[in-house]
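What follows is a single structure, written as C-alpha cells, with notes after it.
Chain nomenclature is as follows: A, B and C, assigned in order of appearance, with residue numbering initiated at 1 for each chain independently.
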Amino acid sequence: MGEQNQKRRIILHVDMNCFYASVECAFDPSLQGKPLAIAGDVEDRRGIVVTCSYEAREFGIKPPMPLWEAKRLCRHLLVKKPDFQKYKAMSARMFQLLREYTDLVEPVSIDEGYMELTYVKADPLFIAYDIQRRLKDELGLPSSIGVAPNKFLAKMASDMKKPMGITILRKRDIPKILWPLEVGEMHGIGKKTEHKLNEYDIFTIGDLAKEDSYAMKQRFGVNGVKMWERANGIDERKVDPDSANDYQSIGHSTTLKEDTVSQTMLSAVFSRLAESVERRLRQKQVVSSAIQIVIRYANRHTITRSKKLENPIQEKEKIYENAWQLFKKHWNGEPIRLLGVTALDLVERDSAYIQLDLFHYHEEKRREDLTKALDAIRKKYGDKAIQKGNNKKCKE
Amino acid sequence: MKFKINRNQLIQGVQGVMKAISSRTTIPILTGVKMTVDSGGMTLTGSDSDISIERFIPAEENGEINLEVQTPGSIILQARYFSEIVKKLPDETVEIEVGERFETQMRSGASEFSLIGLDPEEYPRLPQVEEQNVFSIQGDLLKMMIRQTVFAVSTSETRPILTGVNWSLEDGQLTCVATDSHRLAQRTVKINSNATELSFRNVVIPGKSLNELSKIVEDSEELVQIVVTNNQILFKTKNTLFFSRLLDGNFPDTSKLLPGDSKTTLVLGTKELLQAIDRASLLAREGRNNVVKLVTLNENELEISSNSPEIGKVFEHVAITSMVGEELKISFNAKYMMEALKAMDCSEIKILFTGAMRPFLIEPQSGDSIKQLILPVRTY
Amino acid sequence: MGWEELRKKQPRVVKTLTNSLKKNRLAHAYVFEGGNGTGKMETALMLARAFLCREKNGVSPCGECSDCKRIDSGNHPDVHIVSPEGQSIKIDQIRGLQKEFSYHGMESEKKVYIVEHADKMTVQAANSLLKFLEEPTSPTIACILTEQVHRLLDTILSRSQVLSFSPLPPDLLVEALTEEGISLPLAKITAALTNDKSKAHEICREEWFAQARDKVIQLTEGLRNRPNHVLVTLQENWLSLFKEKNQLDIFLSLLLIWYKDLLFIQLSEPDKLIFIDQEDRLKEQALQNSQKRLSEKMLAILTAKQRLGANVNPQALMEQLVLRLREG
C-alpha cells in the first residue's frame, strides 16, 4: 500500500472538443469546417444552442445562447437537432478506445473522462498522443488531453489548449502556469464562490494558494480546504471506473501473454472477462442490454463489434455466450493480441424488464409462483422480511 | 421474333416487373427481363427468385391496338439497360426484332439499338395456374388481411419460419397467422370459392413478399385469384401475376397458444387506448424498454403509466365501457400494443387477460375475425 | 461430360455415387476431398444434373434439357454454388445460403448446394452450414468441396459422407495441363514433380523454373565435357539462380529425373522419358554411363536432397554432389 502511494501518479484527462458538433461532423463530413450549432428545437426559434463548432464560436456564438441570437450573429449557421442515441454510441466507442490502454478509466460525462496511467509501463506522453491520434483517425473526433500527477491538474491542463491540444502540467509548473490565472478559471469554482473569494482579496489562483489553509476552513468549510489544496496542486482523488453515471458502460480488456489463435485459450479469456464484467454489474446493481467486444490482432489492427440483446442480462454465462458469438462471427482467424468485453446500455436492475416469449412463457410460471409467495410474505411481515438471493454477493 | 409495340404500354409493363428484379442476385439470368410474344399479346417477367412478377400486355384492348406481332418468340434482355432505353426512345412505337443468336434490334423513330439478348430457355420456370385449385379474395380485403398480420412477423433469422405469415384454408375459412414470439396476429376470412373442398395447411409466405404484393394489389373490390403449389404461391390480378416462394419448415401450431378463458375482460374504445399509450410511450421510448403499465382502477376507468428514471413519469386515465373479473396490473411493450391496436378495424375492442405473466388477447368488441395476442414483460 | 469421363479420373467416387443414384439412396451431404484438378466440382455438377434432370436415363442425365443446360450455365435457380470471393467465403454469401436453407426451391422441392473451398469458411459460417446438415427438410443435397479436409469441422465430417478424390495420374495431369496451353515437354516435367494441378500451374509460372530445366541440361553436359570447370562456376551458374531452399530442391528433383531418363534409354524404354525433347542428348550421355554408375549417381542426388532437408549449407552440398557426379 505505502509503496504504491509513493509511486508517482500519472493521470490523463481526455476532453472531447465540442462533442455533439464533432460527432455530427464525423457522420456527415460535409458539415466539417462550417459553423454548426446543435440546438434543442430547430424549428422553434426559442430553442437553445446546446453546443456548437469552433467555426461557430468564432462568430461569438456560445452555449447556452438562444437560437435566434446565434442566427443573428451568423446568418449561415447550420443547425442540427441533437441525436442522443448517436452521441451515446460514439461515447461508448470513445471510452472503449480509452480502456484499451488501462481498465482504470473513469467517465465523468458523455464526453470526458480520467485515465490512471500510474501502473502502465509505456510513456504517458506517447499514450496521450496515440489516443488523440486514434480518436481522430478512428472516430473522427478532436480531443484535448491533459497529463498531470492528479485529476485536478489533469483537468486544468486539458482546458489549456483546445482543440487538439496536449498539455503537461507538472507540480513544479504550478507557480508559473496555474497561479497567474483568475480563481474563476479554477475547475470547481463557480461565479458565487469567485465573488466571495474576491471579497477576501483573493483574485488569482496564486492568491488562493498562498492563503492559510486554516483560515480557508474557517471561511469556506471543508470546501475551503479543498480549494486551497487544489490551488497548491494537491488532489488525492482516485480514478474510479465505477463512479456512477448512466451513460457509462462496464468493460474489461486484457492483453494476452502471447498472440494466439487457440480457441480454447481465447474462450477462456472471454470467460474471465465476462466474470469481471458480471462482478461489476452486480456491484452497481445494473443490467446490460448490449454487449460489445474488442479484438486487437497481432498487427495492432483493432475492431469493436456490438450487438443489442433482446432482454437485459447480468449473468456471466450470458455475457460470455454473447461475446463469444460476436467473436466467432467477426474473428478473421488471425492471431490475437488483446480481447475486451463491454456491457453497454446499462439499466438499473430494478427498472429493467424482460419480454416474455409466446413459446416459453410457461416456464416463467415457476418464477411467478415464487414472486407471489414472496409478496404474500412481505404483506404479512413487511418489505424487508425477505429478499431474493441473487441480490447478495455470492461466493463461489 | 418480331413485333411492334406501343411504347407507353411497354414502359408500364417493364416498370411493373422491374420491382422484382434485383442487381444482387446470384443467378446471372435473373438480371434480365424476359419477354414472350404471341398473337394474344406480350408477357414480361422479372424475378429475384424470392418473388416473380409477370405482366401481360394484350395485343388489343378496348379497341386499341397495343402491339402487332409478326413472328412470335421469346427473349431475355438485361433489365437495367432495357428499361432505361425504353424510357428514352423517341417515338410512340417500338419495333423489336430478335435474330437467331438472340441479338436484338430495337427501333423507334430514327434511333436504333442493338442489344445482346440471352436464351429464354435459361429462365426459371414458374408454376402454371391450374384452374381447379384456385380461390379468390377481393383486392381490398386481401390488402387489409396483409396489413393486419404482416407487421407481427419476426425480423430475426434465428427462426426463419417465423419471418413469414402462415396461411391455412379449411372448410372455406382462410386463416392468416404471424408471430415473432412476443406477439401474434391472426386474421380469418370466409372464402367464397366454387372449390369448397379446397384446403391447405402450413403455407408460409415470407413477410417481405406480402409487403411487395400489397403494393401491387389495387384497393378495389376486384377479385384476386390465388393458387397454392408445393413451393410457390401465386396471386393473379387482371394483367399481373405475382409469385412468391414459400418458406420451408413447420410453422408452430399457434391454435393451442391462444388462451381460451379470461380472468379480466375489458371493453373500451380503440382510439382512446391507442392515444393514451402513444402519449405514455413518449417517455417510455426515451428509456430503454418502451414499457407501459396498465392498471384497472374501477369499472369505468383504467390507468396507463410509464416511468423513465432519467426523464419523468406519465399517467393517463382511460375511460372503459366495461370491466368483468379481477383487478389487474400488467406491463407490456407499448410498440406491440400500438401496432396491434392500429390493426384493429373497429371502434371498440375487447381485451381478455389471464394474469400479469400471461399473454393477453385483443379482439373486436363483437366477433373474432381478428385476434391480436401480446406477451407482457416482467421485471428483471 | 458424363459419368464415363469422370470415371477415368475418379473410378471409386463415380462408382459410389452412381450406385447410390441407382438405389435412390443419395446421402444428404457429401464432402468431396482431394487435390486441385481432381474433378470435385465436375463431379458435384454431375451429381446435381443427375439429381435434377427430368429426362435422365438410368443414372445419366440427358445433358440436353433445360435443367441440365442451366446447371452448366450457372442459371439453375435451385442449384446454389458458393465459392470464396478473394481470401474467404464472405458473410453475405453465407447469409444468402442461410436464406436459401429456409425457403422452398423455386421450381421444385429439390435443391442442391455446392460449397467450394469449404475450408475457407469462418467458424460461424461452418456452423450455419452444420445447422442445415442437422435439420434436413426438403430433398436436398449439399456437396462440400475442399482441398484441405483436415481444416473442416469434425461435426461437418461426421454428418456427411466423405468421398476422397484420388490424385491425378501423371498422364491425365499432362493432358489437363497441355489442354490449358502448357507445352508438352514442360507439362511432362511438372507432372513428374507434383500431382496437384494448381501446384503444377504455380511451378510453370515461375520464371526460374524454365531456367532450372536448362540448368539441368547445362550441368550434365558440363559434367561430360568440362568436369573441372563445373565446380568453379557452380556459384555463379547454379547457386545464384536457386536462392530458396525449395527451388534447389526442385532443381535436384529435375536432375534426378534426368538420370532416370538416362536409365530408361539404357533399358530401351524411350516412351517413359520425361525430358522428351532431349532424346538425342540423353542418348549421347547414356553411352558414357553404366547402369551401375547411373544408380550410384541417383543415390548421390537423393542423399543431397536429404541433406538439404537437414539444412546443410547449399554450396557445400552442391560441391560435394558435383564431385560425386563427376567421378566415372
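Throughout what follows, a contact is a pair of C-beta atoms (placed from the backbone, for glycine too) under 8 Å apart; a residue touches a chain by one contact, two chains touch by 3 or more.
Being a predicted model, the structure only gives us computed values, none of them experimental.
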item: Result of counting contacting C-beta pairs for A-C and A-B, higher pair; value: A-B
item: Chain whose mean Cα position lies farthest from subunit A; value: C
item: Computed distance of Cα centres, subunit C from subunit B, in Å; value: 51
item: Separation of mean Cα positions, subunit B and subunit A [Å, integer]; value: 45
item: Inter-chain centre distance, subunit A versus subunit C - centres from mean C-alpha coordinates, in Å; value: 57
item: Subunit C contact footprint on subunit A (complex, rising order); value: 263, 328-329, 331-333
item: Complex contacts: residues of subunit B adjacent to subunit C; value: 26-30, 49-50, 121-125, 157, 160-161, 163, 206, 230-232, 245-249
item: Contact footprint of subunit A on subunit C as seen in their complex; value: 88, 91, 122-124, 127
item: Of subunit B, residues touching subunit A in the complex; value: 179, 181-184, 252, 257, 287-289, 291, 307, 309-310, 331, 333, 355-359, 373, 375-380
item: Subunit B-facing residues of subunit C, complex; value: 66, 69-70, 73-77, 80, 96, 98-99, 101-109, 137-138
